[in-house]
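Notes for the one structure printed next.
Read from first to last, the chains carry the letters A, B, C, D and E; within each, the first residue is number 1.
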Amino acid sequence: MTREFWVSVVVLVGLPVAAFIAHITGETYIINLLTRMIVLGLAGIGLNFALGYGGMVSFGHAAFFGLGAYVAGIAAFHAFDDSLIVSMPFELGGTNQMLLIWLIAIFLAAVLAFLIGLISLRTSGVYFIMITLAFAQMLYYFAISWPAYGGEDGLSIYLRNEFPGVQTDKAFSFFLLCFAILLLVLLLCWRFINARFGAALQGARMNALRLSSIGIAPFPVKLTAFVISAMIVALAGALYGELNGFVSPSNLSWHMSGELIIFVILGGVGRLVGPLIGAIVFVLLETYLGGLTDRWQFFLGLILLATVLFANGGIMGLIGGRTRHD
Amino acid sequence: TTAQAELKVGMITTLSGGGAGLGVDVRDGFQLALKMAGDQQIELLIEDDARKPENAVKIADKFISSDKVDVLTGIIWSNLAMAVVPKAVRGGTFYISPNAGPSALAGKGCHENYFNAAWQNDNLHEAMGNYANEAGYTKSFILAPNYPAGKDALTGYKRFYKGESAGEIYTKLGQTDYAAEIAQIKNSGADSVFFFLPGGMGISFMKQYAQSGIDIPVLGPAFSFDQGILAAVGDAALGVKNSSQWSKDLTNPANKAFVEAFVEEYDRLPSLYASQGFDTANLILSAAAKADISDKAAFREALRAADFESVRGDFKFGPNQHPIQNIYVREVIKENGVLTNKIVSIGLENHGDAYAVDCKM
Amino acid sequence: MLLDVKNLTSHYGATQVLFGVDLSVEEGQIVALMGRNGMGKSTSIRAICGLNPVSSGQVSFVGTDISDLPSYKSARLGLGLVPEGRRCFANLSVSENLVATARSGPWTLEKIHALFPILKERASQMANTLSGGEQQMLAIGRALMTNPRLLILDEATEGLAPVIRNQIWAALKTLKDQGQAILLVDKSLREVMEIAQRCCILEKGQSVWSGPVSELTPDLQQRFLGV
Amino acid sequence: MTDAMEPILQINHLSKRFGAVQASDDVSLTVLPGRLHALIGPNGAGKSTLISQISGFLMPDAGQIFLKGRDVTHLSAERRVHMGLGRSFQVSNLLLEWSARRNVMLAVQARRGGSFRFFKNVWKDAELRAAAEAALQKVGLQDRADIRAMELSHGERRQLEFACALALEPAILVLDEPMAGLGPEGTAEMTAFLEELKHSIPILLVEHDMDAVFRLADEISVLVYGRIIASGPPETIRQSVAVQEAYLGSSSDAA
Amino acid sequence: MSTLLIAEQVLNGLQLGVTLFLMAAGLTLVFGVMGLINLAHGSLYMIGAFCCAFVSVETGSFLLGLVAGMAGAAIAGAVLEVVVMQRLYARDHLDQVLATFALILIASEGTRWVFGDVPLFLDVPQAFAGTVELVGGLTYSKYRLLIIFVGLVVALGLYWLIARTRLGMRIRAGESDREMIAALGVNIRLVYTIVFALGAALAGLAGSMVGALSSVQVGMGEPVLILAFVVIVIGGIGSIKGALIGAVLVGLVDTLGRVFLPSFFQLFMNSSDATTIGSSLASMAIYVVMAIVLAVRPQGLFPATGTSSA
């Protein structure tokens, strides 16, 4: 087993243990903080699938994150006041069933990612970064100025949506639910990456020309990965909306996209559990530096800078050692 | 003993990044009030939200579930308030707004634990609309950024303004170039311009407006002409009429003491936001003096009574627990070489808000 | 002695690939560096030019110790490199490639154009759209334009058509006559042996044989080069 | 014997122009089963451009390409590979971060299909590994299988490039200067290998190494300025004055 | 709407475009030509504006302020390049993203630390206050005309530098193969430091010039950053001509969108909905344009291919 494997195990065991201790001592805030790490980490893992393994540096994944969040928000909003989302040409009301919400979020994200990918993947490199940003910005400005769901003010989810057999409004239960999803997604990603699909995807990242010349068209491989990545991120977005009890255009902003990228780089690009570590570290810094000084952003910047300069390959690169390439 | 705090107040405000000046003023005003009261009863926790809704939610969660605060306050921005307040007040925590007053929390969404010690978002704009009538303007050109607070602003203005419209524009949030809008204003035949462009947007607009050489008078809420921002606008702001529920030159004793103490303590003139932070603290102090927080109903009643000397003069709560107060019209002047405001008239007297009727409490 | 390399060792990251290379080039001399694929010819050249770290040993050029010098300083002392794999500046036009790093001396744009007329024809074309052989000519031209005291050619005739190759060998002979010192790596043994005075053979990152070309017997060739 | 044979690859009147450069000018040629057809010509004559068009990375302006009798002019590069076209690049084009074995395994995977299989671990796939190892063995890289492509020397990369093409089990190989970068020994080995290989896989070979070309080729076409100026068996080409002038150089005694 | 007004709005669009180019100019050099992803470009812009505002107010001279703005940004840029960027050239582009993101945080908080929370005052120089009359009764701000002039001068200067000078060739060569250009005798490290500082100085110039029209405050660089990237990418990375045309395209689309979209929607819906929808679309307009441009021309309008379009 590699060092990276053991680091991952420690993190994945450590999180629920920490949450359990917090649960026993009644620190729901800590549990929520851990849930936040998991949900953001999940989004980072989703982005990493496209960015780390497929080489698609998307600066627009907030679009999918926000989409997921808004699906949760809008469904809950309509379920709360019993109104219809659309009345023409068919009637569609809200729902407070998480499973259904997730399915819708994932489905819509897949459709959106398919469309965005279809256009964006014609470009590459920095052009790809910018065109994905463009699409996300469109959604962002739309959300800000569209009054129906609160515009810039966002939308509250007053009661957390329901999941069969889980008391979602209890912090620890919700944590466990999110953690289970995280494990499931990690498992799937791990399989995907080491399967033939993953090999083709990584080949496409390194050298698309090579891939074509051995007879694998890079475009569909990349597009599929882009869609899968968006689906994971949308799921994370939906959970994030539930966690905060609130969704807003800030979930769609380029800052959000940037933060997701930071989780990935900070944790380690192309490392399965890397983005989770990135998210944990980032949330910890953001939360606890603020308590130390008003100038916390200054020091946050210094710490991040030091990490890039001295830890090549992110935190996972630093403590997990080199990746294997056999 | 006095060492044991009896009331815990959590302040979530913006202390870093672009809009930090406002949060800093609210915090300073608030702390000044505590200091002046010599109060040991209140334990104040402060955290920076960096103007991100998610951060505000996280901090609120920490304050409520971990620090067990009784009262929350401090949020500057409507969208952050919307993220935090509904959930917090439903959970039984008091929230006292020192700045934002989104309509969604004033009408149907009002709550017994939510108090607004500043204004409902529409208020200052309404006063300006009323003033426009009094000043004899009949053709106003109005503009605001394209987001909810911007829409509230124009709605508020139009609610009182009786003349016709020379044009209505929603600009992009964060826009810095207003040449196109100014050209439209110039060609609209307007006799007055009303704008709501908070922060840097207002500074840019005013500078460029002055540059363009148009002399159509400008009206706006206090936000673009407040003490913290005037210096940056410069002489371009001279003579502009703006509306505010507070002004440095109000003559009531509370205000005089406040302004003096603020300058003494922080070595700068207090801003609107500082006055709001100051009042918020005094409101909480007044309630704490009357009732114990363990009796929530009593504490709520005490808050509702608003039994404190507001720096803005008479102050009371309406049925939706938003202020009923005078809104003044001020003019930007130069005083000892420093730009500041002077009250010229009362825009609206004892003014409540339009959403109170929808509030079923 | 123009270039003197003693007991040079070098590595890529953690893997050591040179274990003691000895090599010297005298003023006006042509020296060939030989060896099978992967034996460390290119690495030796990279180390001499300051592109690979010199972990131990000595590299001196025109009397200066250049083993720790940044590559641009060694180059200014008069090392002119035609690297393996051409490495033309893809986003520069052909003529820009030639002048961007030029230094004054006998080699001028006109002379390069006379040597490789096709480069004149393609003057404003981007380097990355050139054919392989054209790029190779460009790389040689580029190095000559720096007017080096020691020209280093790493597989400079790779991918060139026989006519051009002949031209290049002819050009090298002319250079030799003019007293230009050259260090070269090339797979066409016959031509190399015609032009070079000395040769140095590497095996597994170590100098295993060196001496005048005339002493490179078929037996030695068989042993170290596999022919 | 030739007339009865169906050509594996046939090119009819192919033309391609880049701005002022006419890179292919009405080029026609065929490759027959069991044969090695060499394409030679001065630098910049348009050989690589022709290969790019055959393999589908460039669209010709005019003309057609037939692979095993089917018109593939408008098919994608990947489809052509699936129909049995394998190629190598003039400049090595590898997955540098991966080991030599992984590079070849991906080629085997491409050949066997299933790039949209999501679950089974590919690196432990014995079938892929074995096929990859066999291909590496053929080019003599078996000892370097675990080395990352970026750590291979120039010549070794060329060999790996070739191994990837072989792993595709192609019906025809199009090779762009496979000897370039190989030392004298490597060249000799490669020549011997191709001589053997051409009987099972017909080859279109672009190469500047005349010793190898004249030893291997059954037929040679000479491309100059995008045009085929001569085509025929090696002896005819060697004698041709035009070819000598344009390409071999009058002093050349290539043999 | 009168033709005069339309003409004025077109002029406004052009002016916004050139302003955008000015803001993007430094980034074109650093990102377009050197190939560094520098998210902190907006911070350099901000630093320039703050230095300019501070010195202008202290000395009463805008010109001195301008010099200070450029110098301040250039120094900040050079330091940044030596301390941070130099360590990242050999790394993945993504590391540059994270590092320069961190620098944004440091620069914003640092600036607030030094200059305080309130926006600073910076006015246009007296000589360029007010308006002049152009043809046909059209009056236009003198200062905005100055910005157009400076923007065009910068465009020409950059074009000359990149396409026509040896320094320009070396910068581009460095982007394509750093090791090789060094092996040919160019101290590419120094070249990069100088060019980075020059890019920063241009950011400072833009910050100072544009700051006089807008507000000098912490965070002012962020929208600039995104817009500058948009402009460069639309134009085609590495192409000055492209950046200029991209900037003007964005300026025109943005301005005309803001002006005409709401009235366009008024043709077939009620006025308030039309204003809402029109303005929403207007704020998305430049991104829509960017997406369309890249969908049709994945390398931007003028992909860099040789001297002619550098």
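Heads up, the rule we're going with is that contacts are C-beta pairs under 8 Å (C-beta built on N, C-alpha and C of every residue); 3 or more make two chains touch, one makes a residue touch a chain.
What you are looking at is a predicted structure, and each value in this text was computed from that prediction instead of being measured.
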| item | value |
| --- | --- |
| Partner chains that chain A and chain E have in common | B |
| Neighbouring chains common to chain D and chain E, by label | A, C |
| Identity of the chain that, by mean CA position, is farthest from chain E | D |
| Between chain C and chain D, centroid-to-centroid distance (C-alpha), Å | 28 |
| Distance between the centres, which are taken as Cα means, of chain E and chain C, whole angstrom | 44 |
| Separation of mean Cα positions, chain C and chain A [Å, integer] | 51 |
| Where chain A touches two or more other chains, by residue | 141, 144-145, 147, 295, 297 |
| Residues within chain C bordering two or more other chains | none |
| Shared-contact residues (touching 2 or more other chains) in chain E | 108-109, 276, 279-280, 283 |
| Pairs of chains satisfying the touch condition | A-B, A-D, A-E, B-E, C-D, C-E |
| Contacting residues of chain E [partner chain A, same complex] | 31, 37, 84, 87-88, 91-95, 97-99, 101-110, 113, 226, 229-230, 233, 237, 276, 279-280, 283-284, 287-288, 290-291, 294-295, 298-300 |
| Complex contact set, residues of chain C against chain E | 49-51, 70-72, 75-76, 79-81, 83, 87, 89-93, 96-97, 99-101, 103, 124-126, 142-143, 146 |
| Residues of chain A that touch chain B when the two form their complex | 27-30, 32-33, 36, 141, 144-145, 147, 150-154, 156, 158, 240, 244-246, 248, 250-251, 255, 286-287, 290-291, 294-297 |
| Residues of chain A defined as touching chain E within the complex | 51, 57, 119-120, 122-124, 126-127, 130-131, 133-135, 137-138, 141-142, 144-147, 254, 258, 261-262, 264-266, 269, 295, 297-298, 300-305, 307-309, 312 |
| List of chain B residues in touch with chain A within their complex | 15-17, 47-48, 50, 52-55, 57-58, 61-62, 65-66, 78-79, 82-83, 86-87, 90, 102, 104, 146-149, 151, 170, 172-173 |
